[in-house]
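Here subunit A shows up in two complexes: once beside subunit B, once beside subunit C.
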Partner chain A sequence: MAMVQPRNLKYRVWAARLCMILLLCLVMFPFLMIVSVSFRSGNFATGSLIPENPSLEHWALVLGIPWEAADGTIMQPTFPVLTWLWNSIKVSLITSALILALSTTGAYAFARLRFRFKDHLLTMMMILQMFPAVLALVAFHAFFNKLGNFIPWLGLNTHAALIVSYLGGITMNIWLIKGYFQSIDNALEESAAIDGATPWQAFRYILLPLSVPILAVVFILAFITTIGEYPIASVLLQGADQLTLAVGAKQFLYAQNYLWGDFAAAAVLTGLPITIIFLVAQRYLVSGLTAGGVKG
Partner chain B sequence: MAEVKLTKLNKSYDGGKTFVLKNIDLLIKDGEFTAFVGPSGCGKSTLLRMICGLEEISSGDLELEGTRVNDMPPNERRVGMVFQSYALYPHMTVRENMAFGLKLAKMSKDEINQRVEEAARSLQLTHLLDRKPKAMSGGQRQRVAIGRSIVQEPRLFLFDEPLSNLDVALRVQMRQELARLHNRLQTTSIYVTHDQVEAMTLADRIVVLSPLAEGAETNLEQVGAPLELYHNPCNLFVASFIGSPKMNFFSASLLETGEEQSRVKLDCGTELTVFNNTSSAKVGDKVTLGIRPQDVLNHEEECGAGNCITGTIETIERLGNESFIYLKHPDIQEAFIVRVEDSRRREPESAFRVGVPAENCHLFNEAGQAYPRTRSPRFD
Partner chain C sequence: MTTPADAKGLLSGNGLKWALVALIDTALLYIIAGMYAQGEILFALTLLVLTGLGTWIFTSQKAYSYRYVYPCLLGIILFIIFPLLYTFNIAFTNYGSANILTLERVKEIHLEQQVRDSEVAFGLALYQNDDNYQLVLTDKSNKQAIYTTSSFVPAEQATEVSATAGNAAAGKKLSMRDVIKQRSALGMVTVTMDDGSRLVMTSLREFGVMTPLYREGDDHTLINNQTGEIIRPDMTTGFYVNEAGEQLPPGFSVYVGMENFERLIEDDGIRQPFIKIFIWTLVFAGLTVAFTAAIGLLLATLVQWEPLRERGVYRVLLILPYAVPAFISILIFKGLFNQNFGEINMILEGLFGIRPEWFTDPFLAKAMILIVNTWLGYPYMMIICMGLLKAIPDDLYEASAIDGASPIHNLLYITLPNLVKPLTPILIASFAFNFNNFVLINLLTDGGPMMSGTSTLAGNTDILVSFTFRTAFIAGQDFGLASAIATLIFLIVGFISWVNLRATRNLQEH
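Moving on, here comes the complex of A and B:
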């Protein structure tokens, strides 16, 4: 919008920029610290922001490459970090996709269909969601423990079990998508029906394409939540090869020895997939998709 | 193309407690252009949506081409509809909008292209085919909405106030385009409108609906050709709804009844002769006399049989080719409106004796039903 703006707005713009920069520093500082720690030789949490003698030892170990230290000793990687990373990505991608599918269809039902107890169901789901899933840890453990006896691939220490336990948390997403669906004029789907579309076709070709921005948001949110989730994953997963990065990274910090450097490198690694997903999904976060459909 | 038959159609909400439409009986012939008119909230859109399947029918039968379609989902009815809000698909170009239904019907690419281009040509949309709806004006969107339904070659066209979002000039132009379109395609069409002029000029027949009154049998008031409704409204509602400005109504009582003509006395004491068949009534019955602003005579000398009503001029609206004079009259609360061609000699606050030709009068009984007119109307 090219609105005419008063002169003194310029100073306000600069003030706003200054605030933004300060805020950015606040957010960036911990991140820079972590990056700095991961490049610092030895395992020290404190030190100057720019490492005095930078070293790639932590990164090498985290990426599974043996590291020859200056004094000639060879350090072997302690943990299969790349496997963990892969586990995290796999679990998060599958979970996010399933959450997207479930919450979209659920939201469609709540936004467009008429059925009994609809409002009660919505409130009930909302209330249930208010208890953190962590509180059900024991239940999850017992449940998958038993289930594993009958369906081995869904027992404890499987990724399937982890994914299933994550799928419970879709209420917020249903609310988000439902609100978006309701903002799209029903007349569009009605007019698709007149054009010969079945309800599924109207959903698939009209409603979904128009809802892409909110679907992208939900996907990103689900991905971020899942990839960083610790409590449930730490209880359900046990084998060293099965761990996700969030759980695995904790292993660097055992009581006798805090491997801050390796931990920091692993932490930066966790951020990587999120960044990539975000950059990809950003294309879909466009506004004004529904402009021009109804009214003149 | 198809015949549409509604039998005892009802629409109610809250499980039959509140009725919106009641006992609608209507036969729309093949190729006919029918307009639904009525005040806001009387259920015109609801009736239209019932016909295309977007709204459930509470009871009664809806037949298309002789088959009962009450329970057929909208996507199988092969009915085209133009929404008041256009409802174009915002993420598709004009071409994709028009081709959407054809693609769903698995039509071949060539045929789709041919149909879309033909429709675009007839609606002058060819240069806009690759635009999205948001980059178009209201009138252009309107034409796309129409194009989207004509490419499907539906058996029946439904229009829900399609022109109400357009400005006056564009509305006149689109009205003519719709008339041309109907002449060319001859598809049965139903057209909902607020605008009497649209209804009168476009439709072969007009259906007048009223808001359902407490305890009323039906809210279908009258069905007929435009001029039939104008000249022979069957009740007070239709008489006051059709025609602009509104018909003037005077409360009166019957002095003489008759098959050919009757005599009435207005509450103010004026006696008038009217050509209406009141053989079904008794002397002394309360009646309502109706006279359209256009049906009065300017020249008091010419009033046959001394049929005159006198009022005091309140205001004069001079429009150039005609003038509307608002008269104060004890029997009318608002104003007694008359149309005259020449208002030069008229001044506010002066008395005006208006000629009321007996053949131009409408007469209604206490229940609002019309007594049949026995002579054809006379014009100034």
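Moving on, here comes the complex of A and C:
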């Protein structure tokens, strides 16, 4: 560090540290509070950050286990949280797999094959991803409402409809994968082609195995986006057992049925794994994104 | 040109492919025909074009490259472009809860209406033979005309029997009381007479002829079979009207031209909330960008300041709000801010003795939204700024340190000028994102507190998208008006994107 240091550096560092700690308190407050609330008994209990008499009642209820209160009454779980979590995971996994399949094949064509309107299509995708799906909610609702008359398993309130409607979210991923493909030298594929490999074989047996990192990135990216998606899911899903977590979680906090403690347990239970996936994936995400982005 | 390899392929792999294509096409064509029959021309046509295109691409050798692109393009066409165009389309219709069907479907509903022909009535007697039942029907105007139905098993589902002349019932005749027991099952029975007329139960003792109320006339008109009155579809309001001019529900959706847009401008009860909401949307998005960018930049500087040894820990903890799914953290805040039981009001009361009404006071609700959104949004700005700050050469700061410049000087004359260009597109994109930040508003306040004195439900903290959502799905299902607002937002977002594109291009040129 060859920098010229001001004399009052020490005070400045301590001032910065103090600011930082105050700010971190503000940032961490909601998280610590929600963990604390999830162990309090009752839904309106107040208390300090560390509960005086911790209770597992909310955790039991969220996990679907009836809970016997101190006075002997049995509390039944209000919402099928585990079903919602399973719905979310199911929808997200299938969606991510489909998005991966669609965007890899698409990206392959854009990176390696020659065809008309290629550049136009790429620009079009760039522009289209600026319009969020939330603006077309009416259209999604009407579309699946009508489609359900002809194909019942694709109508409103089905997971299939939700999964299918998420397939529009592939534009950014195509760009990502395409950038990565272009960063791989195509000499291998060319020599395979000379040996008689079809474009499909070159893609399947040479390019794909080389691109596992970006495929993982896209899969995780799609998974995180889908599991937190709220607008479309809230319009398409209606039945209590069909909801995803993002839509269902809201029901804990209706004014007439305020289940703050149960919500806290559900939030920790479901938020924690997603957060960990994100934090772990983030490192790879950044490296994957830059690897693709540079040559894009 | 057919090479031997192709010929072989035709027998094995290709044969399978053709079979598969034929199978999928048959299924799709069946659906298309169904859609066309129901009057969903737009759907049928879109699907037909896509099916045709797909078939060509997967069968023609010329279109080989497109085989890789078509599936993903299909996703984009069906779930980005089609919803876009469909929204524009709905904006010019009166599609909504009162006018939700197509003309064809409404016509069918009217044609299905049945009225009783009062002149024909049959007395009924029910005979039981073990599990089997038979009806004996006697024409009330001509007691000699007696008919016996084929035997049936009473069930809670539509049952069809036919009747022949003569009394040939087997088993014993049931008393009135036993007939009443079978009442609901008999209600499901339709008797077809040998002259082709169809009878249903009209009262406990009677079967009568039900005839359709309407028959079809020319040009979608319907003729009342009893009065001869002609009802015709009114293509401006979307209802069948009778000769007296009364509307007969259900309605069907029709194109109403610019009416939805005119309502936005001319109807005071809609225009005033719309303008208020529009201004708040701009303020909300603008302030969010300003706050998150300021805090993000400050924190980015701090977590990269070398004298601060433990900065790595800060960095990870500060990114947390970005890592937790938004729908969870927003709801956490909703609970923490709760006026009666929320922890925030408890702390504020303990410290200052105040209990702000976060959800009933419009100003405080807006303040709360901005606080929460800043908390949610600063990590993204921080990550971006961390990258951009690294790109500023260290020499500049060293030189200024030698000159004895203060941190404020550094910020104003070195950091900000170097950041403006690369940061502008990010800020614009963030503005566009928050302009449509539906999840935050819907989950935190749901638009509330509500405005009073408006003809359409609107909230003080509603932004344009959440107002659209409310108009479409909560208050009255006015899909037409909602789509008109959505169309306006499309234009605004398009404009913002265009500005952003210019800003990015500027950046690349310099």
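Keep in mind that, in the parts below, the second predicted complex is superposed on the first by the 228 of 296 C-alpha atoms of A that agree within 3 Å, B and C clash if a C-alpha of one lies under 4 Å from a C-alpha of the other, contacts with A are read in each partner's own complex, and residues count from 1 in each chain.
We adopt the following convention: a residue touches a chain if its C-beta (ideal position, glycine included) is under 8 Å from a C-beta of that chain, and two chains touch if they have at least 3 such contacts.
It should be emphasised that the depicted structure is a prediction, and the values quoted were computed from it without experimental measurement.
In the superposition on chain A, A:L22 makes contact with neither subunit B nor subunit C.
In the superposed model, A:A69 lies in contact with neither subunit B nor subunit C. Looking at the shared chain after the overlay, A:Y258 reaches subunit C, while subunit B stays out of its contact range. Ranked by how many residues of subunit A each touches, subunit B and subunit C are led by C. Contacts of A:P209 after superposition: subunit B is touched, whereas subunit C is not reached.
In the superposed model, A:I50 makes contact with neither subunit B nor subunit C. After overlaying the two complexes on the shared chain, residue contacts for A:P132 are found with subunit C alone; subunit B is out of touch. Of the two partner chains placed around the shared chain by superposition, subunit B is the only one that A:A192 touches, whereas subunit C remains out of contact. Once the two complexes are laid over each other on the shared chain, residue contacts for A:F110 go to subunit C alone; subunit B is not touched. Shared contact residues on subunit A (touching subunit B in one structure, subunit C in the other): none found. Considering their complex, residues 52-54, 73-76, 78-81, 83, 85-91, 100-101, 104-105, 132-139, 141-142, 148-149, 152, 165-166 of subunit B touch subunit A. Residues 1-4, 6, 9, 12-13, 16-17, 19-20, 23-24, 26-28, 30-31, 33-34, 37, 44, 46, 101-103, 105-106, 108-110, 113-115, 121, 125, 127-143, 146-147, 149-151, 164-168, 170-171, 174, 199, 203, 224, 227-228, 230-231, 234-235, 245-246, 249-250, 252-253, 258, 260, 263-264, 267, 270-271, 274-275, 278-279, 282 of subunit A touch subunit C in their complex. Residue ranges on subunit A touching subunit B, taken from their complex, read 185, 187-188, 190-198, 201, 205-206, 209-210, 288-296.
Those residues of subunit C that touch subunit A in the shared complex are 31, 34-35, 38, 40, 43, 64-66, 68-69, 71-73, 75-76, 78-84, 86-87, 90, 95, 299, 302, 305-308, 310, 314, 316-321, 323-329, 331-336, 338, 341, 343, 346, 375, 394, 397-398, 401-402, 432-433, 436, 438-439, 442-443, 465, 468-469, 472-473, 479, 482-483, 486, 489-490, 493-494, 497, 500.
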